[in-house]
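Chains here go by letter, A, B, C, D and E, matching the order in which they are written, and residues are numbered from 1 within each.
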Amino acid sequence: METDELIINMGPVHPSTHGVLRFKLRMDGEIIKECTPVLGYLHRGTEKLGEMKTYLQFIPYTDRLDYISAMPNNYAFVKAVEELAGIEVPLRAEYIRVITMELNRVVNHLVSIGSLLMDLGAATMIMWGFRERENALQLYEMLCGARMTFNYIKPGGVREDIPEGFIPKLNEFIKDMEKRIEDYEQLINTNEIFMMRMKNIGVISAEDAINYGMTGPTLRGSGVNYDLRKVEPYSIYRDIDFKVCVRRECDSYARYMVRIDEMKECLYILRQVVDTMPEAKIVSNPKYGIAPMTGAPSAVMPYFPRIFTPPAGEVYSRIEAPKGELGFYVVSDGTTKPYRVKIRSPSFCNLTAIPGMVVGLKIPDLIAAFGTIDVVLGDVDR
Amino acid sequence: MDPVTIDTTKIKSIKRKPVTALEKLEDTGLISTVLAAREREGLILLSTIDQVFNWARLSSLWPVTSGLACCAIEMMGVAMAHHDIARFGMEIFRASPRQADLMFVAGTVTKRMAPRVKQLYEMMPDPKWVIAVGSCASTGGPYHESYSVLKGVDLIIPVDVYIPGCPPRPEAWLYAIIQLREKIKNEGYGAKWGLNK
Amino acid sequence: MIANAYELIVYILTLFRVYEPLLNVFQALGAEYVLRIIIVLVEIAVLFVFVLLTVMFLTWMERKVVAMVQSRYGPMVTGPRGLLQPVMDGVKLIGKEDIIPAKADRWIFTLAPFIVFIPALLVFIPLPFGESLIISDLRVGLLYIIAISAISPIAILLAGWASNNKYSLMGAMRAVAQDISYTIPLALAAIAVVLLTGSLSMVDIVNAQGGAWFGVIPQWFIFIQPLGFILFLIASIAEMGRIPFDFQESESELVAGFFTEYSGMKFAMFFLAEYAHLFAVSGIVVTLFLGGWTGPVLPFIPVQITSLVYFLIKTYAVIFFAMWLRDTVPRVRIDQLLNLGWKIMVPLALLNLLVTGFLVTAGVMV
Amino acid sequence: MNPAEELKQKLPSAVVSIGIQVNKPMAVIKKEELLNAAQKVKEMGFDHLSVITGIDYMDHFEVVYNFFSYAKKQNLALKVITDHEDPEVDSLTSLWKGADWLERETYDLVGIKFIGHPNLVRILLPDGWIGHPLRKDYDMDTEQFVTIGEGGEDIVSTDGSNLLRRK
Amino acid sequence: MAWISKNWAMSGIIAGLIVTLKHVLHIGNRPTVTVQYPYERMKVSPRFRGLHAVDENACIGCGICEINCPNSTIQIVKYNTKWYPQVNIGMCLFCGLCVDVCPMNAMKMTGNYELADYTRESLVYGPDRLLFNKEVKQ
């Protein structure tokens, strides 16, 4: 009998590609023979814009790379610039940065798990995830006035000190969140249908994962104990006690469980940071840049530079973003604008592994595996 | 006001098969009847039908799932528990454009995506509306200097309501939806086909 | 004893003393059958309106239940608590442009929604809504229902094929595979009930569950046939095509399944058929296993009304369960679904049938 | 001893110079010896290829590879300098599968060709796009439009009349 | 068959059903959280970055905001004999850089987010819509 191979295009506008990704699938019946992701539907030329903007003007653009967790993006770029210029950051500013970044990790994992479950057909989890995310966003709005695109972390500190009433609300959020995570676990973790869909699907061994350049929860789901916060501690992570969540099953379920564990770990970190936060209300480096001229609302108004010229040189600096290793390669020629900004985005490198992971599986498995890789198209296409 | 006379003989002499939706509707003679009635302000019944249809349309705007970029996350946020677009009967995000009435252009329309957005719009059945969300869709926004971004989605499809913001907060979306509802409420029957002008 | 809805209408008319004069008028014209036809048409009209209203209410209820699970409100703006929302959706869909894709098979594309919709209505004919509230008490009622339900896969296949879209075709294929593999355990589980009652008539099945043990526990077949009930429930959820078994329109995999290309009124008909089917199947579950319209008889209220209320309460409980389940679980994979159907449900249903057969022959049951 | 010096000891012919990239050791490699050096680097335990960056310096191109070792927890950067006319370096896809897309991206945006890459086509921009945007001499004034062809492929042209609405 | 023998109780699904039922019945601090927008509003933080506002007396029309804007949203235009910024909020990033750099603290961002409009031209907010007067407010 003669059979014909079916070519299916999933996307670019498809409900389960989390944005505008397209999969070109060569199918044999329901089995995927070959999967080719087609990218670039959200390619906005951020790297080119980086060469056209000054350092400070480029910070808002970093927000729009990985728009679910924008704070680590902000921080990664600022960290690169700070390393380049050798700026010291006040301790309180570092604490605030860590609070925002860990909060963002929780938000990111909520969205990631929620959209994974929605793709699998259970719409409830995403609603619950976004319900808690909304509370976190209100905290962000208190802090920096925006919900998703913060422009909060600046070279030498943060934009503003934390407002009054922030810490109690944060504590309330942490307490609430711990209960909610129990709910999620009860709803999903042991669900037989969920296990059936996730176990032994999208298996990638540790060697392959390293070879593909996967990082973050996807790598830790394959049993590699690797977290930049531990390996190359930046900011104040050296002083914080936390453990790296690792699972050895290498499948989609392991990656999902890593995310759940990481959320709990984030809450643990947040509690610590809030408890040990220094009192001195200095959130920017006064040696660097100029103070506001007139009518400053308070004495603790942060100082940050208006025109910023790091010395010539190049730096590659990376952090552990919620999705994996986020790096910025910044080349400076001593002017106000970077000469070249290269973004090493975790989603792009993690997505590399998809074609190898899904051959021989079915479309629903592709969706499950893809959901646990957790990509954001703004981060992939930049 | 003089009654509008419809010369049906002229229409029949053309003898062309109606192709587009507009021609089909004209073929039934409904539009011209309604328009004539509106002109004369005599037939209250027909304008009531207008109102009923407008009411139905504004009450059940089903959006097509077409998240493009950052704003898509806020679009999900609008649909979720805290803001709950379902109160307006809009939570049915149809994956297939054939069953949708409203398109949120939520995010940056890149050059590569532009023909697809246009195709998606063309696949939607009339009457249909478009809301351009955020700076990117309105004017190109942050990326309007970029080589690969379209400077505003209204260059390729007609837009009814623009929402500024980057991304706009969910209340701003709901405000825009209320604005759109106001707009639909005041539309004539043939409004989407440009006949009541 | 009033056997069915026709006799009920006659009875009511007689009660108001209009039946005799009417009959006389028609007899004088020599056209007695016209009156019969009119009464039957009235019956069908009432049924149709009832089904339409139920479907509208069900869509509203579905949205509200989902909203409640997800800590939000659901439709609120249109009408009180959003009750007018389904009406608005319907009116809007009527006013939409009707697109037939250029590459589609025009005739089949147009025909398919009707072929889906009509069986969804026909299923209601032998379904007893209450004491004597039945259009026609067919002697082969259960068989008829299963046979009529088997038409919808054909229509779905037609729709998927005619759309000329890969997603539609795949959705249709899956739907057909699913329907076929789940009709068998469904029928086998139902046959066990038939063995107990010895009749295919729905009214007989309900009447067999009328009694009570110790005067308290109702003699519903769910207690005699727990395994059969679970199998029937799972199979009927699969037949309805709801999460966790909604392959026909699994949004995240195949854009909207077999009705991807449908718009306007044709899409509305699929929608109507889906919810009518949901109500019908829940009604069948109630009839077969939950005692149908039986319940405590109240004084001063006609038994027709109380029985209808009991039936509706039970049916909505089953529907609520289906909606509740939908909000909790993800969907299974198509091959897992077929595995479940053929390798687990069919053998279990056969086992159940075997045991029931033994017990009935031995005279332990009934 | 930092890994760049170690590499220089092992492959003295390949390493032009060693330096420091803020706090990461860096070695400048001869263009012809890149594959050799990468092989050696992988043997030294640098199993994670973090990023490939192509930089246009008007008169020459630089390609920078950043590596990390999971076992030793060390960083290493390799730099290759190519001429501006016909920038070509060896592909590392045989050693790291993850290099595949990174190289395609560098080819797409900077225009550096990778010899031996199995599928060196544009990844972010559609096929047929004129110019490589991250080069300093990229023409930002000419707008390019994309339309969809018969088979769903992208067609690039500078004429947007099919796409744009008549105003 | 092996699968069913392990999972015949479906305890995971039943646990899930219990959680969702708790939400339906609002048991244990699981309330309905919806804020019904046109009738109720969320409290907007004082730092919220919404529509711009320019202090009429403080602004000196220096144009620092114009140069510092990442995507040339702001233009300085003449209005009533003085120069004031004009903001095209249809292009604005709402990043707050203009507020940060203003030497006179004249630029502010208000909590106004209800900005949707029917035309693209009406999104250009000239000084007539941006200016506010401190004295009048007090």
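Just so we're on the same page, a residue touches a chain if its C-beta (ideal position, glycine included) is under 8 Å from a C-beta of that chain, and two chains touch if they have at least 3 such contacts.
In this text, all values refer to a predicted model and were calculated from it rather than measured experimentally.
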item	value
Contacts common to chain B and chain C (chain labels)	A, E
Count of contact steps on the shortest path from chain D to chain E	2
Taking each chain's C-alpha mean as its centre, the one farthest from chain B	D
Pair exhibiting more inter-chain C-beta contacts, A-E or B-D	A-E
CA centroid of chain A to CA centroid of chain D, Å	24
Where chain A and chain C are represented by their mean Cα positions, the distance between them in whole Å	47
Distance from the mean Cα position of chain B to that of chain A, given in whole angstrom	35
Geometric centre distance via CA averages, chain D-chain C, whole Å	62
Residues of chain D touching at least two other chains	125-126, 133, 138
Multi-chain contact sites of chain C, meaning residues that touch two or more partners	69-73, 76, 251, 255, 327-329
For chain E, residues that touch 2 or more chains besides their own	13, 16, 19-20, 32-34, 36, 42, 70, 93-95
Inter-chain touch pairs (all)	A-B, A-C, A-D, A-E, B-C, B-D, B-E, C-E
Chain E residues within the chain A interface of the complex	3, 7, 10-13, 15-16, 18-20, 29, 33, 42, 44-49, 58, 68-70, 93-97, 100-101, 103-105, 109
Footprint of chain A on chain B - complex, ascending	65-70, 72-74, 76-77, 80-82, 95, 107-108, 110, 112-113, 116, 120, 142-143, 145-149, 166-167, 169
Chain B residues within the chain E interface of the complex	81-84, 87, 135, 138-145, 152, 154, 159-166, 168-172, 174-176, 178-179, 183
Chain D-touching residues of chain A, taken from the complex the two chains share	9, 39-40, 43, 45, 47-48, 51, 83-84, 208, 210-215, 224, 226, 231-232, 313-318, 325, 327, 329, 331, 339-340, 342, 344, 348-349, 351-352, 356, 381-382
Residues of chain C defined as touching chain B within the complex	63, 67, 70-78, 82, 84-85, 87-92, 95-99, 251, 255-256, 259-264, 267
